[in-house]
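Alright, structures below, take your time with them.
You will see subunit A twice below: alongside subunit B first, and alongside subunit C after that.
Entry: the complex of A and B
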């Protein structure tokens, strides 16, 4: 340890003795690190958006149902707790947002066509925060309250039903006694959605209107809760579990939409592989640089050994040199990636290339996401794998015979 | 006890299809406080002998003892330790670390030894003055003349007061006045600190300072005479 200052000084001086080579290598490392972080930020942005859209369409980070509901989503499997009681339990609790809703399969018919859809009876005020729809962008208007007797459907569905704002449609479903429950609604708004399948699969009516049509009093089939971040869902989950009847089924978003959860995991794996691949490309240059640096210094290393420096000190010196080289490259690479991602935070228009991507649920504007954890990962990968890559040249340097270096004249 | 003892050292190099006996049954014993000059024509085996004594090169046969410790069987690490703690070197061909300044080169050995910074600074500045390089402490080797570099090497060899100094042509690049100053410095160290010196040289003037003169030829000792300092 006390050798550290000497070794570091030597390593630093040697590094800058051959500026050209060092600058080239530092540039390569910087660009490599930049590529690691920048590309990661772009793919994070894309996948995060897919996940966030998916999570908001669910909606919420935590959902509560009757245990039978997921197998058979009908009103017979509803949550038998009145809205009044739910309000008492959850209004005072510290959620970013919560809502109870009626969600059942239904058939919607216009005078020309019928479609199977999911009927959502909602409280538009309570659900605004979930963000699955931008109320203001609805063509016509969105629902105004729980008593709203109108219906809002997706643009695509409207096209299929050949209906439009102002026209009437009929919704049909079953009540708890398995009797037909139906009702006419006037279409007041058409919404758009980036989430595939959302526009033609969901229709919105006021919660009270749905309850009345389905004859379920003031009960609902689904409770949804929003926490601070979908990445940190546990606090919300714990709070819901603590305050609700144990016979109900409480699920985190990634348990409801398992494909979204696995997308997140796949993404983490991809980031790791991507960074390692770039490092491998860099490592050839790094090892080559170190081998050259050692080779042109055989006599100096021999001299140091002859004067009584231990082989382990030579090993340390080369490794420190490699670490310094990598650290300089990392510092520049980190700054570079921050500086290039920052101005793009407002989004990159990728509509030209995005047509194919929309199928996968990606939007046409890409918002890069720079995570500190990804930056740390890039730095850790470069330093730790760089350390491993330097071992062999450093080991070779430490094996030199001092006498050969000292006696060679010239 | 002897500062250095060599028993029947042999070392053969192969050059092409010829065997060169660099050391041919060499035995010597040097007392602590000895001041020995090794003199031989070029190729006589001086450097080979110094390297064997310094544990830098292994003889093919024979024994090397330094301060009553047999060193020709020690591990690399132990040899490094021995060189660091008790031997000062001036090498014939290559001495200074090019990326370090004169002062840093002089402090290098002390730094590896773990001498505290303040003490290092004091000692290195003092020795720079003694070898006549005051003011040049921040120069790198490439910015100094051959003689100045040589003096930095000498300064490094003696700065931490090793018990044994092995110097291979220490005055090679020096004018007669500077050589005399260096030899006076060596003599003082030898007298005041009982430092043992083994100096390989061609230089008659240097031989004049030695208490004992060993002449070699083709790897053999041909003459070994005690003499009184000039």
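Entry: the complex of A and C
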């Protein structure tokens, strides 16, 4: 340990003895590190947005249904607990937000066209916090309360139905006895949504209006809860499970939207693989540089050993050289990635491939996300694998026979 | 082998470890590139084929605007005779007419809104894979039979089986109330949940009766033997449209715009990654060749004073690099082909990817195929960049002065 400052100084000087080689290697490491972090930030941005949009459109981090409902989404499979009782259980329970809602498949018809939609009977006040729609951006107005007898539909759906604010549409679904349940609603608002498919497929009416139309009293089909973040849903999940009838089906968001859940896992795996692949591509050059650095000073190493330097010091010196090289590369790479991601924070327009992104479930503006944890991961991977890669050349250097090494013609 | 060649080959092996490490970097990149590019090509091919085969076909004749709005009244008039005359004119293409409407389908227990397709039972199997995916019962028969096939998920949701009746409620072409009772004769299972939940098919004649179509339909689906043949026949089909009609012919790219774009988006991110990989390899080569030139400065000084020109030495360095690059090319390509072939025989399935695969109509296990293009393209780019990287050390030779060079050691 006493020798560390000396060895470090020696290693640093050796590094710059062949400055061209060092500069080339530092550039390669910088580009590699930049690519690791930059690419990860882009992919993170895309996937996070897909997941956040998807989770908010679900909505909520935890959902409760009747056990049969997800497989057979019919009012017959509703939650047989009255709204009044639900309020008694959950209003005082201090969730970030919760709501009960009616969600059933229905058919919407204008005088020209019919389409299949999901009918959502909601309490607009309770659901504001879920944030899947910005009420203020609705063209016309959004629903005003649970008793609101009007309907709000998506802009795209309105175009297809050739209807508009102020016109009437008819909703058709079934009641628990499988009698056709239908009634007319006046369109009061049109919403836009970035989430693919959302605009075409969802219509909103007041919860009480939906319950009356479907003849289900004051029961609902779905309870939704919001926790602190979609990455940490366990506390919310546990509390919901604890406070509700065990015959109901409580699910975390990634169990409801399994596509999004698997996406999150695939993404974490991808980041790791990408960083390791880049490192492997770098490692050949790194080892090569070290091998050359040792080779061209065999005589010096022999001389140092002959003068009494311990082999472990030679080993240490080569490893320090490698670590210094990597650190300089990492520093530049980190700064470079930060400097390139920062100006792109406002979003990258990728609308030329918007419909392709839609197939994947992503929006057409990409916001890169630089995670500190990803940055740390990149640095840790480069330093730790770099350490391993430099062991072999360093070990060879420390094993030279002093006399042979000094007399080597080189 | 001539003398220059022999010289270059020997120079290459002066530092065995260094040469192998550089070749190793190329091999690593090339193997990975061959494998990744083969995988991409295989998947893209499957994505396009499976998506189009399922339902869309290679092109469709529709009324203007129908593609985006799918409104009931955007019809193709006299659709059955039109399809028949096209069939006579284009014997190589598979052609079938369809009508499409939206209706509430009710069984005893359940009601769901679904898309009802009127199809020509004798021609539909040629343009769509759905008739072949019947897992229970049979496909619809006859022109006017009031029978229906439904997707497996829909059958489960409606709680119905073969022989049960469904009531269809919707609106006809003229906006009037349309209703009918049809019998379920078959259930198909495509594996694509959206299709299995939302689609039902009835004979086109019955469809036209129920929805008051007056002989009209919505789409004529055309499948060519291959994608390329489809592109070639498209203009001929456009020319064969009845005079005075405003019908449009959409190719598959217009019908499924997401498909090509998804491929494009995937390609651009993949090419970014490949580019980085190639650049890193190029740096590795640059480093090696620069070292090998610098350490021979003394030697180069001597041969130059003996009369060798810098250009000749430059060519020597480039030849060395070419040899280096060729070894990396060949070994990497072999490695890539081996890796790809392994997954060609055993199939590739990535755990956790099943759902993503289903989104793109991909099977969970993909059998990869290495094509000449997918094998050559990656290593060729690496080779090119290898040569580019060696240009700097080679050009430095022109600045070499023999006497000064001989003094360096």
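Keep this in mind: the second predicted complex is superposed on the first by the 372 of 410 C-alpha atoms of A that agree within 3 Å, B and C clash if a C-alpha of one lies under 4 Å from a C-alpha of the other, contacts with A are read in each partner's own complex, and residues count from 1 in each chain.
Here, a contact is a pair of C-beta atoms (placed from the backbone, for glycine too) under 8 Å apart; a residue touches a chain by one contact, two chains touch by 3 or more.
For clarity, every value in this text was computed on a predicted model and none was experimentally measured.
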item: Touching partner for A:306 - first (subunit B), second (subunit C), both, neither; value: first
item: Which of subunit B and subunit C A:241 touches, first, second, both or neither; value: neither
item: Which of subunit B and subunit C A:174 touches, first, second, both or neither; value: second
item: Subunit B versus subunit C as contact partner of A:14, first or second or both or neither; value: first
item: First, second, both or neither for A:350, with subunit B first and subunit C second; value: second
item: Partner touching more residues of subunit A, whether subunit B or subunit C; value: C
item: Partner chain(s) touched by A:376 [first = subunit B, second = subunit C, both, neither]; value: neither
item: Partner chain(s) touched by A:291 [first = subunit B, second = subunit C, both, neither]; value: second
item: Partner subunit A, residues of subunit B touching it in the complex; value: 47, 51, 54, 56-57, 76-77, 80-85, 87, 89, 91-100, 104, 108-109, 111-112, 114
item: Contact set on subunit A toward subunit B in their complex; value: 2-3, 6, 9-10, 13-14, 17, 299-300, 302-311, 313, 402-403, 405-410
item: Residue numbers on subunit A that touch subunit C, as the complex places them; value: 18, 20-21, 24-25, 27-28, 31-32, 35, 39, 42-43, 71-74, 76, 105-107, 109, 111-117, 159-160, 162, 172-174, 178, 180, 258-259, 262-263, 265-266, 269, 274, 277-278, 280-282, 284-285, 287-289, 291-292, 295-296, 350, 352-361
item: Subunit C residues within the subunit A interface of the complex; value: 15, 17-18, 21-22, 24-25, 28-29, 32, 69-73, 102-104, 106, 108-115, 156-157, 159, 169-171, 175, 198, 257-266, 268-269, 272-273, 276-277, 279-281, 283-284, 286-288, 290-291, 294-295, 350, 352-356, 359-360
